[in-house]
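Shared between the two complexes below is chain A, which has chain B as its partner in the first and chain C in the second.
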Partner chain A sequence: MLKVSNLYAAYGEILALKGVSLEVREGETVTLIGSNGAGKSTLLKTISGVMRPRGGDIVFDGHHLNRMKPHEIVRQGIVQVQEGRAILKRLTVLENLEMGGYLRPRDTEYREDLQRIFERFPILDQRKQQLAGSLSGGEQQMLAIARGLMAKPRLIMMDEPSLGLAPLIVSEIFRIIAEMKKEGRTILLVEQNARKALQVSDRGYVIVTGNIILEDSCEALLGNSEVQEAYLGGRKA
Partner chain B sequence: MFLQQMINGLMLGSAYSLIAIGYTLIFGVLSLLHFAHGEVFMMGAFFGLYLVLLFKVNVYVALFGSMVITAILGILVERVAVRPISKEFHLAPLLSTVGVTIILQDAATKIFGGEQVGFPETIKIVNYPIGNVTVTSVQMLILATSLFLMLVLHLFVNRTRLGTAMRAAAESGRTASLLGVNINGVVILTFGVASALAGAAGVLVGLAFNAISPFMGVEMALKSFAIMLLGGLGNITGAMVGGLILGIVEVLSVAYLASSYRDAFAFGVMVMILIFRPSGLFGAKLHGD
Partner chain C sequence: MSTSMRMLSLFIAVTVVFGAYYLIANLFFRTDAYIESILIFAAINIIVSLSFYLPFSAGLLSLAQAGFMGVGAYMSASITTLWKFHFTVGPLDLTFFIALLAGGILAAIVGVLTAFPALRIRGVYLLLMTLAISEIIRVFFLNFEYTGGASGLGGIPPLTTIWNVYVALVLVVLFFVRVTKSRMGRAFESMKEDQDAAEVMGVDLTRHKVVAFAIGAFLAGISGGLYAHYALYIDSTNFGVFRSIEILIFTLLGGYEIYAGPIYGGFYLTFLPEWLRIIQDWRIIIFGGLLIVMMILRPAGLISKEMMSLRYWRSTLANLWKPRVEA
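So, the complex of A and B:
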């Protein structure tokens, strides 16, 4: 479904991606793990069109995304839930969700999706007329994910959805991701919380300073001693 | 007498509001001080005037026609003088719009002449006495038109999908684009709407004061810029209310103080407000956190 080959991206003269190849198949949940500054966000930003690739290719369902603008890529069915939530604080919760479905016709299916979101995230229903900036961090992250879902994406990319949240909320976020997976959604997940992320995913990639150094099933990665050492806090805790 | 002054103030202020809203819209979406916005206003006055002189249209057609032409002018300015300029150097787009100011003033002087001109007696002045206050038909037209335009804009920005996209883009262009908003489209729309409002203000001020000249935009732009600060950067409602306040303060200061201190007084009030409320009366709405 999504195929990234030999991708390069840079900030000014500094290369942040040095020939990254990665694949996400329909219905799969794929996790990308790596330490700070490894290039995880850069990869998602390049796929979603926020950054122009310096080389390589991004193909989604046979379409080359390399030269497309972000809004054109959304139209293709890829949605990015940005790092740090990036909700629109001056808009209401409901307006944020409506912006998630910006490109969709306001038909029955749209209204049903909105209804389903409110059932899944009751807190958003209660707060729908409030400014999104008044939500707590955890609620804002729920809103960011819910807004992504409102686009009815064929691929949803999430950049560190558990970042900076209390442990209870982190578990809640991963429960939601597991649920999304069960619904058959295609997910590309970036996480520092590597153990939890690998537990909810099918396959994983490890990125180090702009290079993918490892790709395997999640069980294999969870059992890999180097991965344990570097990303899972030593031998199985 | 006091009520009469209030009405005069509201009339002047509503014209300020229309221009300040345009400033605010453009600043919101692009973080750009559109220096030439006052000249778009000035061109709007001339467009309206010449529609009346050349085609003998009535004032409503002149108003609407001028709004359409200024919208196109504004979009052209964006296309030619804003979009191609690198945003990496913050002063570059600002300087570029300063250039447009000079070009439009020179062009207007060449085409329309440097003299002050006024509308012919297109709408006959009728005085409507209401109690002990007298309102002229021109005043009614100005008040009604600007309040109507502000209401329409308010509904557009707050109640439509495109208006919501505009607010989203004003808060974060990147986030809006990642939700599927075509940012270039929003910028074009913003310049079009802002310029049309300035064009309408141009025709209304032209009708009210019979003083259309290539240089009428300078003072207006300066005041509207101050109103934007007064209302809170990027705050549309703030710009509306701020404009009305300035209009009333100005007229009252002429009536009860000395007319030669009119602008000094108006700006004095603004400086005071900014000293005590740096983010404006209604709070700034800046980008990000």
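So, the complex of A and C:
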């Protein structure tokens, strides 16, 4: 469904992606793990069009995304849930969700989706008239995910959804991701919490300083001693 | 709600009711030319403040509005004064309407040209760039002999009346009421809040920035045309940076969360120096002082978004005299 091949991206003179290749198949949940500055967020930003690639190719369902602008990529069905949540704090919860479905016509399907979001996230229903900035960190992350879902994405990319959240909330977020996977959604997940991310995913990639060094099924990665050493906090207990 | 907030709300409610009464009374039972002229300038100032507010509501701070106003003023005055253009349909004289429209359109074209370099820059750099554009326009008219150059353009026919200026204002306000509720308004709001987030939600930043600049410049151009045909004489100093800053102050004091802010600010800040006539030359000092006080006490301006609901006013005015309950 999404095929990234030999992708280069740079901040000024500094190369952040040095020929990254990656694939996400329909219905799959793929995790990208790596340490700070490895290029995880850069990859998502380049796919969503916020950053222009320096070279390589991004193909989604036969369409080349390289030269497309972010709003055109959203229209293709790729939605990014940004790092640090990036909700619109001075808009209400409902307005944020409406912005998520910005490119969609306000038809019956749209209203049904909104209803479904409220059923899945009852807390957002309760707070829909509140300013989004008044929500707690975990609620804001849920809103960010819900807003992404409102776009009716065919591929949802999540950048560090567990960042800065309390452990209990982190589990809740991963439960939501697991649920989305069960619904058959296609997800590309970027996480520092590698163990949890690998547990909910099908396949994983390990990225180090702009290069993909490893690609395998999640079970294999969880069992890989190097991966355990570098990303899972030592050997498995 | 705090006591000071309730007092502020009461102050706003009283001034709005008083202002509306004052305006209507003078529209229908004309008192004197002096008050009429202030009311006309107030409407022109409101339109140009709204022209600043529109790109600002999308997070684009433009100090070029005075320049765009100048473009509209010179264009419309050229049509009516230099070219002596006349256009009538039956009993209707559409000359002024066409002159205003042409001024607005030319200003919008200049606005679009401004928007393109503005696409890549943000914040304080955008402010500097628009300031430079405004100066370029001013100096252009200073040196453009065709429209009078340094000696200005005089003999403009007095086509602006209190009626057509308020009709124009009502149309502009209706436009804002609609835009605020539209998809475009929501996109502007998101861009102001977080440009990057708006972009990944599917907002076409380029298109919306260009449209915001164009409409803003169009409205400024209209206000310039109205100004020229009331002042009857224009020169480049009318449309300098200082004008732009005045426009900025109208909006900042009135409130920049919602279009009602620049309306309120534009109206009362036109009247304020008249009421302070004795110290006329000091009015900018008063404005500056007010601005500092406001930035501390009410950073988003007098009128806030929450004030736009009837419920707010009902509950505020009903609880006005209730003692504050300590939690």
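Everything that follows uses one rule, which is that the second predicted complex is superposed on the first by the 236 of 237 C-alpha atoms of A that agree within 3 Å, B and C clash if a C-alpha of one lies under 4 Å from a C-alpha of the other, contacts with A are read in each partner's own complex, and residues count from 1 in each chain.
Basically, a residue touches a chain if its C-beta (ideal position, glycine included) is under 8 Å from a C-beta of that chain, and two chains touch if they have at least 3 such contacts.
These figures come from a predicted structure and were not determined experimentally.
**Q** Clash or fit: how do chain B and chain C relate after the overlay on chain A?
**A** clash
**Q** Classify the contacts of A:89 with the two partner chains as first (chain B alone), second (chain C alone), both, or neither.
**A** Both partners.
**Q** Who does A:147 touch here: chain B (first), chain C (second), both, or neither?
**A** The answer is both, since A:147 touches chain B and chain C.
**Q** Considering only the contact definition stated at the top, list the common interface residues of chain A for chain B and chain C.
**A** In chain A, residues 48, 50, 69-71, 74-75, 79-80, 82, 86-91, 95, 98-100, 102-103, 147, 151 are touched by chain B and also by chain C.
**Q** Would you tell me which residues of chain C are touching chain A in their complex?
**A** Listed in rising order, the residues are 183, 186-187, 189-190, 193-194, 196-206.
**Q** Chain A touches which residues of chain B in the complex?
**A** Its residues touching chain A are 161, 164-165, 167-168, 171-172, 174-183, 285, 289.
**Q** What part of chain A is in contact with chain B in the complex they form?
**A** Touching chain B: residues 48-50, 69-71, 74-75, 79-80, 82, 86-91, 95, 98-100, 102-103, 147, 151 of chain A.
**Q** Show me the residue ranges of chain A that touch chain C in the complex, using the header's touch definition.
**A** Per the stated touch rule, the residues are 48, 50, 69-71, 74-75, 79-80, 82, 86-91, 95, 98-100, 102-103, 147, 151.
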